[in-house]
Amino acid sequence: MADLTTKLGSLTLKNPVMTASGTFGYGVEYADFYPLSDLGAVVVKGICMNPSHGNPTPRVAEVSSGMLNAIGLQGPGVDKFLNGEQYLPFLRKSGATTIVNIWGKSIEEYAEVAAAMDGVDGIAALEVNISCPNVKEGGVAFGTDLKMANTVISKVRAATKLPLITKLSPNVTCIADFAKTVVDAGSDMVSLINTLSGMAIDIHTRKPKIANITGGLSGPAIKPVAIKMVHDVAKAVDVPVIGMGGIMTADDAIEFLLAGADAVAVGTAIFTDPHAPIKIIEGIDEYLERHGCNSVSEIIGQVNY
Amino acid sequence: MADLTTKLGSLTLKNPVMTASGTFGYGVEYADFYPLSDLGAVVVKGICMNPSHGNPTPRVAEVSSGMLNAIGLQGPGVDKFLNGEQYLPFLRKSGATTIVNIWGKSIEEYAEVAAAMDGVDGIAALEVNISCPNVKEGGVAFGTDLKMANTVISKVRAATKLPLITKLSPNVTCIADFAKTVVDAGSDMVSLINTLSGMAIDIHTRKPKIANITGGLSGPAIKPVAIKMVHDVAKAVDVPVIGMGGIMTADDAIEFLLAGADAVAVGTAIFTDPHAPIKIIEGIDEYLERHGCNSVSEIIGQVNY
Amino acid sequence: MPEVGEILKNEVLKGDYYKVVFYVPEICKNTKPGQFVHVKIANLRDRILRRPFSICDVDVETGELTVAYKIVGEGTKVLATLEVGTVCDLMGPLGVSFTPTKDDEFPVIVAGGYGSAATHILAKQCVTKGVLLLGARSEDDLILMDKFEEANFEVRLSTNDGSVGHQGLVTELVEQIIAENTDNKKLRFYGCGPTPMLMALGKMLEDKGYECELSLDHLMCCGVGACFACVVKVKANNEDGWRYARTCNEGPVFNSKDVYYG
Amino acid sequence: MPEVGEILKNEVLKGDYYKVVFYVPEICKNTKPGQFVHVKIANLRDRILRRPFSICDVDVETGELTVAYKIVGEGTKVLATLEVGTVCDLMGPLGVSFTPTKDDEFPVIVAGGYGSAATHILAKQCVTKGVLLLGARSEDDLILMDKFEEANFEVRLSTNDGSVGHQGLVTELVEQIIAENTDNKKLRFYGCGPTPMLMALGKMLEDKGYECELSLDHLMCCGVGACFACVVKVKANNEDGWRYARTCNEGPVFNSKDVYYG
């Protein structure tokens, strides 16, 4: 066993593999599959102030080596998340390291949600989603405008002492600029990539395959884009980087680590195989052993050219 | 047979299916497969002023449902292209409608190349590549900066009377803004998308799979992104739109037409099957017949929501 | 919960309908009527999502699980080509199940399309034998009638084109059954099929005050409640009067009184 | 030029090496030594590129084309699973061929890895019978020696690990052959194998002034000269002294004098 302990600033994970927000529910849905505490962290689906319906259906469409989704951040709202049995209290009991993904319809709401989470037992960090392409208000607007991104993160920073991860949108000309500005605003680290904006049309009905018209592309199709962006961002900022986008296997995860990610998140792959994160943890360990590495930190950013 | 005739401003094609630049060489390579004049148009690989070596190898890597390339615009240069037997003179003889893809290392070079093509017999239009992610100078720099894009196209516009197509980069926050600015600058139409920037790392050697480190992602993986961008751009500008990105089958091409493309280009699919463009022309015709359409124009932009 | 399932049989049932048998003893043991398996179809390399299929039959002794499927797209097309011995990964049994009838109830199963597959185990488990009302566009889409007859169910058919049985909608057969029920048997309804049919059925029975369970489904990703892809509207105590419920783990079977028809 | 090829045989040759036989009469008719086919491997749905393989043998009478391949990645792994009767799309024959020896020449084929497959037809077509110098890492990577013996070629082996034949580099066998040529036969060399080996061979023979053809290849996409993926450096009359030539249609076979070694 190589040492998989992963330090992301003040946050220490038992291994570098977490679940990507929105693909692992609130953890409870997978609790029968394996102990949630075996994961580096559980990142829950995006939480905003009030309960929200999400988008009309159909919300997903399958495409080559990937999928489009426009779930639209259906969720229970802060109160229910903090107190409802199947949400945070369950995660607390499970022993999982829990990262809460948050979003808001306004800058104020972002700060409000962050404040509500501050100091709550069982929350290890917040991931601020400024990059969801599937909600009308909030979401991506904050993630594709440098000034807005900086403002949102500054306000969230002021509202909480929790470690802050900013989740970046790939739908921009230069993602490294966004990484820099949110770090300037006080983000302790960054995670990327969220989904790429996409669309699919049913040529028989001539309707968009997703009721929301456009959706976010995830899965293996986006891996090369994600690797490139993680590589760019890791060079641009000095904070920990959490890489994701199309990770299906340990080999994929290792590719992100070599590109400069300090940890990774597994998303769509969970739909293919709920055990994917566990297999990936095991696979990383095997790779390290085979390459004579004592710890995962030895391969971070070690792409050579 | 439905009427496949496609009018793109002053340019009339026999059908809406062309080849994507860089994937069909200079036409001659596929002349034994079928008459080049059966295609809507042949778009040749990018031409700049002088012969150029292109990038070191490896230049390509395969990824899930797609490929990365960083050919780096290897080419013969203007003189040889215009006069060398296997280039334009061959295309002229073949009866193909020929569109020349051009690029330069500076704004001046773009204009120079355009001027050299002006009035040459056998050139139906120019496609100005301001979006190649794989060359150090020129290429993408012009395609990701609104002012630069406007300037390049203005200069090219002044240098030639040929119909001008501007090939847009998808690696931007809002591609519609780029479409608008190049149309303002005098581009008669736009084509999109060029490849998405991407990267892949061999986890055994830890080297980037492409010598250039990063490359451009093409193939089915990028189709949802391309459809969305074509949809956005078709709504934003009044000029003809040529759609491409991951078209493998007639169904894919029809999806682009429904999204708002007036014509399409087939790229990577040619590597899978050199006959793909011909099968796509046939498939579009069949679809139109089945849906009782007399002409291809009846389905352009007809996505309904 | 995921189980590796070897294909023991894979053959045409009728037209575009096929039947595949997997060897998955663990899943068989736990299956209740109306539940589904979530199948990673082998060889479908460019499609990453699983496909949900109702469990049509299980044999707890032999570990054989049967799915009846129709070829409708890429996944089912490839599934139909898989040879005996091929292995697929199955998750299951998943979802909320039907409640079989009790002694004093008379079961009426209303099914369309693959709905007969989803309700076959239910028919076998109902202690009182009842009737299957099976509707489809045409004769080609009616499957598994023999299986219901084996389970001692009366089978009545309807087709839109009149190619067999009653010409018209299956809900018209429901009205027939209700009209025929002069001795006031305690009818209990079960619906499984296309959403518009289920909505019509549920609303009609709600108005008439009958017990009814509907199997509502929608495009699925995770199959276990984590992604919120598969939702349908159910009644809720909020200002809108509805919320989106996940058909994969809050359903697919819902009490028709809980469904939001608005 | 593309031809649909049914698989007639697909079996292990040795270790990770396989041999597949396609029924492609048109391609067989036109094949010259050293050419390749560009194969769209069936069932490889998430990989869109074809794979190039040297044509190891053809039977013009029966329309059978043989490829010898090694499992090195996803594509070849899937190829090895394809059953007889599966159909793949083949383009070919592609590329520039070797020039077989004339009456007064003595052929020396220097091969590494699948290089013996790429030169087998050449050996059969040489009017004068010569020698095959076959090198590899170890015995496990030496294939098709029997085929060359059938073609009346003497076979000499070398392995890096000494597991069989000469321990060392195959180029050392070349020096041996040259040293042995005391009666001054007109030696003509052919090289096919890993690039470093070919570079060493080409440079050595250029210095010594022998005729030599090298089969140089690189990762390919289109296979017909359209994409410029597959290039290697050849000498050119420009300020750099070299240009990138496409191995798919300007090669894979190049005269060693044209190759740029700098």
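Letters A, B, C and D mark the chains as written, and numbering starts fresh at 1 in each.
Methods note: a contact is a pair of C-beta atoms (placed from the backbone, for glycine too) under 8 Å apart; a residue touches a chain by one contact, two chains touch by 3 or more.
From a predicted model like this one, the values you see are computed outputs, not experimental measurements.
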Based on which chains touch which, give the shortest step count from chain A to chain B.
-> 1
Identify the chain pair joined by the greatest number of C-beta pairs in contact.
-> A-B
Greatest Cα-centroid separation from chain B: which chain?
-> C
For the pair chain B and chain C, the C-alpha centroid-to-centroid distance in angstrom is 48
Round to the nearest whole Å and give the separation of the Cα centres of chain A and chain C.
-> 35
Residues of chain D that touch two or more other chains: which are they?
-> 46-47
Residue numbers of chain B (touch at least two other chains) = 64-66, 220
Given the complex with chain C, which residues does chain D contribute to the contact?
-> 43-47
Of all residues in chain C, which touch chain A in the complex?
-> 1-2, 40, 46-50, 89, 91, 218-219, 221-229, 231-232, 238, 240, 243-244, 249
Could you please specify the touching residues of chain A with respect to chain B in the complex?
-> 63-66, 68, 144, 171-174, 196-201, 203, 206-208, 213-215, 217, 220-225, 227-228, 231, 246, 251, 254-255, 258-259, 287, 302-305
In the complex, chain A residues that touch chain C | 22-25, 29-30, 32-33, 45, 51, 53-54, 57-62, 64-67, 69, 71, 74, 219-220, 248, 268-275
